[in-house]
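Chain IDs A, B, C and D follow the sequence of writing; residue 1 opens each chain.
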Amino acid sequence: MTVQRDIKSGVNPPTGSLAERIRSHAGLLATIGLGVLVVLGFGLETVLSKNGLSKYPDVYGAYEVLPLVAGVLAIALARLLAGLLHRPADFYERAAGDLEEGEDA
Amino acid sequence: MTVGQWLPTALAAHAPVLLVAVPLILSTPAAILRTGRAGWAIALSGALLALLCAVELFLATRADGAVISYALGGWPPPFGIEFRVDGLNAALLLLLTGAAVLALIFARPSVENEINADKRSLFYSAFLVSLSGLAGVAITGDAFNLFVFLEISSIPTYALIAMGANRDRRALTSAFNYLVMGAIGATFFVIGVGFLYMATGTLNMADLARLLVDMDGDRVVRMGFAFILVGLGLKAALFPLHLWLPGAYAYAPSFVTVFLATTATKVAFYVIIRFSFDVFAIDSGFVVNALTYVVTPLAIAGMIVASAQALFQTDVRRLLAYSSVAQAGYMMLGLGMGSQAGVSAGVLHLINHALMKGVLFMALGAFAISYGVRRIENCKGLGMMMPMTASAFTLGALSLIGVPFTVGFISKFYLIQAALAQGWIFAVAAILISSVLAVFYCYRILVNLWVTPIPEGRRDLAQPTPYLILVPLVGLALANLVFGVHAAPLVDIAETAAAAAINAGTGS
Amino acid sequence: MPDILAVLNGVSPAWFLIVAGLLAWGAPWSPVRKALMLIGPCFALLAWFATHETGVYGVIDLGPFQLETFRFDSLSRIWVLVFILIAFINGVYALHERNRMTDGAALIYAGAAVGAVLSGDLLTLFFFWELTALASAPLIFAAGAPMAHRAGLRYLAIQVLSGVLLLAGAAVWASQTGSWGCDAIGVDSAAGVMLLLAFGVKAGFPLLHMWLPDAYPKATGVGSVVLSAFTTKLAVYALARGFAGEGALIAIGLVMAVFPIVFALVSNDLRQTLAYALINQLGFMVVGVGLGNELALNGAAANAFVGVIYMALMFMTLGAVLHRTGTVKATELGGLFKSMPVTGVCAIIGALSVAGVPLFSGFVAKTLILSGAHYAHNDLAYAILVYASAGVMELSVLKVVYCAFFGEARHHQVREAPQTMLLGMALAAFLCVYLGVDYRALYELLPFGIDDYEPYKLNNVFGQVQLLLGGAFVFALAVGFKLFPLKSDHTILDADWFYRRLGDGAARWGKAMGELLVHAINTALTAGVARLRARLFNLFNPAGALSREFPSGLMALWTAIMLAAVLLVSYFSPMS
Amino acid sequence: MSWTPELALILALILPLIGGVGVLALGRNPDMRETATLITAGTLVLVVIYLVQVSGQRPEIIVFELAPGLELKFKLEPLGAMFAMVASGLWIINSLYSTAYMRGNNEKNQTRFYFCFTISIAAAMGVALSGNLLTLFFFYEALSLATYPLVAHKGDAKARRGASIYLGILLTTSIGLFLPAVFAVYAFTGSTDFVAGGILAGATGPIAGSILLVLFAFGIGKAALMPVHPWLPNAMVAPTPVSALLHAVAVVKAGVFSILKTVVYIFGVDYMQTLPAADILAWIAGLSIVIASVIAMTKDNFKARLAYSTVSQLSYVTLGAMLASPAALLGAAVQIVMHAYGKITLFMAAGGVYTGAGKTEISQLNGLGRCMPITFTVFGIGALSIIGVPPFGGVWPKIFLMQGAADDGQPWMTLMLIGSTLLNIGYLLPIVIRGFSRPGSGFSPMKPGNLPALAWIAPLITAAGTVALFFAIGPLIDFLTPVFTTQRAP
């Protein structure tokens, strides 16, 4: 089995037996689906929160937004960190002289 | 005067004079006889007789602590010459005659090896004269007589040393050096005695002691003391007046070295004690100051410098000779303390040093006879080839270092206790530094004896050690051990001697 | 059967594991070892069941010390149970492996961990504490690569450091209080600080955590499973014992929950990613311990219980991947779901548990700690935990699953994992789901009774699902825009830079300087001694200035000098 | 003559000497000679076991008296009995090992070797059973002298040089510092006897007492407190069984034992607490522990590394003695035993490597563990015991010392011990790991059976001993506690 190289996203459906067309766009579909679900969730909460659906009423606002922001933040931070502190994989070993030139870790 | 248990009463009564006279008289037949064996037999019998007399006197003084006074020719002291024996010189006489006997036993094989056959009987004759002189120095109670005996003992000694020229020509210069220095020492001594006579009008030592008690401030007396101390210091090889000693010990025949090392300087040391503590009053300021500010620093300097000199010697006997100078420093240090404990420790070390140096020089003599060993590197492998002799030597060396349960330890112990009692920490430090240096110079010899392998060809030269050497050697070595373990007798003797020296001066 | 239980009553389960481990170490035949790896935990489990009453058993009398080897109470029993379970599951998982070193070590390690949990005093705790260090190290060494040796040594050094810190703290504690008892300690004394540090090293406190992402990825496949289970959870137990309600722990725990996420996201080694995720998990538990109320402590215990299982599950799947492909680097993996579907499913179950999806075990445990924080009115803690838990935590496990099983395929020729591995993973996966559904079974085990707590309330579930969806959405977006995961084989510097580079460099520099210094001193000394020796030799040698044969005149001069000295002294002496 | 503790005491001292004579007499027949050694060692162990049992009665014998209060005197007490037990017990194992090693390496002068060995053991017994400082000093010196030919065994220039430094430092320190301290004790108290609770309290002030303590601590050079340690690495020129003797059985143990005994029975625990020097020396010991460990890490020579390890470990005992709280003293005493077993295991394993593979440097050991698994395993066990991890005996001293440091109000002293533990790991465990898992480079595997069986059985026994000692700590504590809790008689 081969995987096409021009697929935008690598997310394959778990079963892996759907039609080729769906599969080639699975990542996009999943993203859209998730986005819809998130929006729906916030909508539902806004509608129902007067009835106490919000988990803890004393926590202000739609705190579930937090992960969205935080997720973005985390990924951004991760890229930043990788840019700043990025070293070759055998950095320590070579630095400590455990590995000679041309030797593998 | 108590009669001893050893000799018939008739002899016992005259033991003091016999002790001196017998060797002197026997020296004549020894010189006349032309064979070495006969000379040796006569010398040995003379020494044995002297030993008997010494034992007799020793026991007599021990019996009730009395002082034996023997008036020569019936002239009572202070007018005639008096032989006077107390706890101090009884011990010395015993040591002297005992050492003479042991050395003589050792002498036969040694002398046969080193002295030409035609000179052997003369050699023994000279030895007898020397012995007689030393005994006289030790026993006499008359200051001028003491000078006479000093000369009697010295002159044959120069001859004895010079006989080493047979083996090494440097013995001649050494003997000459010794002669010059000995003459200076004796002269100084006699000048000192002259001053005393000028001040007091007496030569009898007991009489001097009595009169000097009140003459503390007399400049003449002080002059006399200075001359006597320096003159005797020369004979006793007090650092830095020891310069004659290494050569004399190193180039003399083995037997002479053994005898000198065990007795000659000891006798001079005895005389210093006698004069410092007995004749002069120990509570005189000038005596104490001279001891504290002159003798003690020199003793300490000697202990360290001479040990360092020993460290760098290549000739084994020279090494031990320097060691002797250092050890003389120990005795002088005890003396310098001026306390009874100090004198006692000094006397103890005097005896003990005779024991250890006797062993060491005898063992060296044995090495020299068997292999012609003179230098340290020649000692290689001797431990394997002459185990008994080497063991005895090792024991002596350990004793010299001061390993516990040897006599060396005992004397160091008492010396350090005396120093601590005085509060002289620097003296303790000096003793320890000197001991450490002793470790190193002994180590240099011992490691060659035991650890380095036997050089090629040495094994073929093997000769057994003569029994006549082995017997006194092992006996002395064991004595090092026995008196190291059972120290009470020697300590007792030393304490008695110190008491005799100090109390005689102040008490009488 | 009751008879056996009666016999086993009061016998510490640790001994069965340790004895089985020792036997396994000595046994040259693989089947015997494998049998021991299954039988040992079974007996241990029997012993766990056999002991009903809480109390202290197995006291070893050593003169002044009473070693309490088996303190059975509500806090210890849950930890013991999960340790035994995971030992058994690992036994199944490792059936395929032919490595004498790891079999015995894993069993002894498990036994030591059980023993440490059950120890009633600090001395016994120390013994088992050190034993866990010793027994776990071979799991890293067994990997065989030079990197593994170095990492193993560092691991061992840090673990033993933790042990001696514990010992030192215990000694000071005993000296101050007169008791080696292991109960609430608090940080208001030197002893308390030492003990907290000792526990903290094993619990992966910030800056003390480096051994964890350093060593775990370098262990064998089976080894990392075992490692992930015991040491850190043991430390949480010890913290719960000694420092429950210690305010400082909340702050520490929060930092632990947050900072590893970034590292997990950038780490290329998937096991290292999991190691960072593990630290994040530990942060939750430490916060739970720090909060100190019953709900939070229950949460910490429950989290430890389920955490052991799902983290082990995650490591098992990666172990299977490692077994088949020989690598767990994100850049070298991808698309394995096709060829290893069962493993992939297990990985997904594990990931869902870690993320805390309702109906999986993570959810029912984590919600306890969140509730604990809420009831303690610690809003900051609550917010941070929420951030750390459902939202971003998910990213790291999703990353692991995504990178290994989906995305661009790199390994085309691998088979499914061996049957026994699958069985082990299936057991763990089953537990993950079962505990998520039948959560009462889990709650029964907790140290404080919580019959009235209900995790599956609508708002709770709804909120959690929302969090997860949000996180997943961000992940999907990031993947879609190729912002994530980072595709390069690299190392990101962490706190270990300080000792692996700075410390190592300083040590090398110090050694070089020290050698120079020693050399210089040696040269100077040797030269000095030689010069002194030469000078002394010049003075004292037989032909030297002070030892040669002197002319008589010089001697006479000396005599005169001395005479002068004595005369002077005599002359100036006072009258007595 | 009936069988009394006094007789056994004398027997323990004389037996090795008789054995020595036997060894000399049977020198021409190696098998008989070794049998004589082993029989002597076995008998000695039996006698010492009896002594251990009766040590509570504290029998004593005065052989002779040099001066009032200055005797050759033997007195049995638990501490000495413990040391005697360690020395005699390890002697027999070491003898087994020696036969394998000496024959395996075709050493020369084996009769002298075994003879000096017996003399050394006799001296060690004397140190263990001495009843006063003088006797202790004597046997201490005898031990230095008797081990000298052993250290210089090879006889080449290097061996002689090493042995010279060995003897030079030991004799210099003992005569220059130890001996005056003994004399001073006598001068202050009129006795040098070991008395429970000490004899110096009341006789000297804190300053004089401090000076004495310093003299003892550095004068007993065998304890290798820095900076008087260089003799130990220099003594590494000796054959391995000798190194084992030096490091585990007799010499260094005699040193630290002497310090401990002096502190307990001359200074006394209470008096130690008043001495300012005790704290300073404790820090010096602590620094010795760390510095020696650091030096050990830089050594590539197998035995040199172990030698510095010994320097470090010995200072544990000194540290315990200087802290002088009951727990610390207990730790010091227990360390003597535990370190003995651990270190002898290490040395015998190192010797096994040398005999079996001819390797002396650590960097040559790659992969060797796979050829000599038992040797490397026992080395690992010994190393773990030295590091101080359960279930090996070496952990107990660390516990007691930490407790002692805390009791003495110096909890930060424990940092030294912690640092030392880490350093121990750093310099010991890489050896094992290198052996087991690094691939060997250009090393041809040995033929099996190259290593004589005894050369790995002996360390196996001692390795088992470290485990056994971990569990036997209870009786050991019970045995030693009376020593450290006895108060001074009013």
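The definition used in the following text is that contacts are C-beta pairs under 8 Å (C-beta built on N, C-alpha and C of every residue); 3 or more make two chains touch, one makes a residue touch a chain.
Please read all numbers here as calculations on a predicted model, not as lab measurements.
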* Give the label of the chain whose average Cα location is farthest from that of chain A. => B
* B-C compared against B-D, more contacting pairs -> B-C
* Central chain of the complex, centres being mean CA coordinates -> D
* Structure fact -> Distance in whole angstrom between the CA centres of chain B and chain C is 79
* Please report how many Å separate the Cα centroid of chain B from that of chain D, as a whole number. => 45
* Approximately how many whole Å separate the CA-defined centres of chain A and chain D? -> 63
* Go ahead and note the Å separation of the Cα centroids belonging to chain A and chain B. => 104
* Asked: Among the residues of chain D, which are close enough to touch at least two other chains?
  -> none
* Structure fact -> Residues in chain A with touches to at least two other chains are numbered none
* Asked: Hey, what residues on chain B touch two or more of the other chains?
  -> none
* Provide the residue numbers of chain C that touch chain B in the complex, in ascending order. => 536-537, 539-542, 544, 546-547, 549-550, 552, 554-556, 558-559, 562-563, 565-567, 569-576
* To do: Mind listing the chain B positions that touch chain D in their complex?
  => 401-405, 410, 413, 416-417, 420-421, 428, 432-433, 435-436, 439-440, 443, 447, 450-453, 485-488, 491
* Which chain D residues qualify as touching chain B in the complex? -> 64-67, 70, 72, 134, 137-138, 141, 148-149, 152, 155, 160, 163-164, 167-168, 171-172, 175-176, 179-180, 183-184, 186-187
* Asked: Which of the residues in chain C come into contact with chain D in the complex?
  -> 61-64, 123, 126-127, 130-131, 133-134, 141, 144, 146, 149, 152-153, 156-157, 160-161, 163-165, 167-168, 170-172, 174-176, 190-191, 194, 511, 514-515
* Residues of chain D defined as touching chain C within the complex -> 298, 384, 387-391, 395, 398-399, 402-403, 405-407, 411, 414-415, 417-418, 421-422, 425-426, 429-430, 433, 436-438, 473-475, 477-478, 481
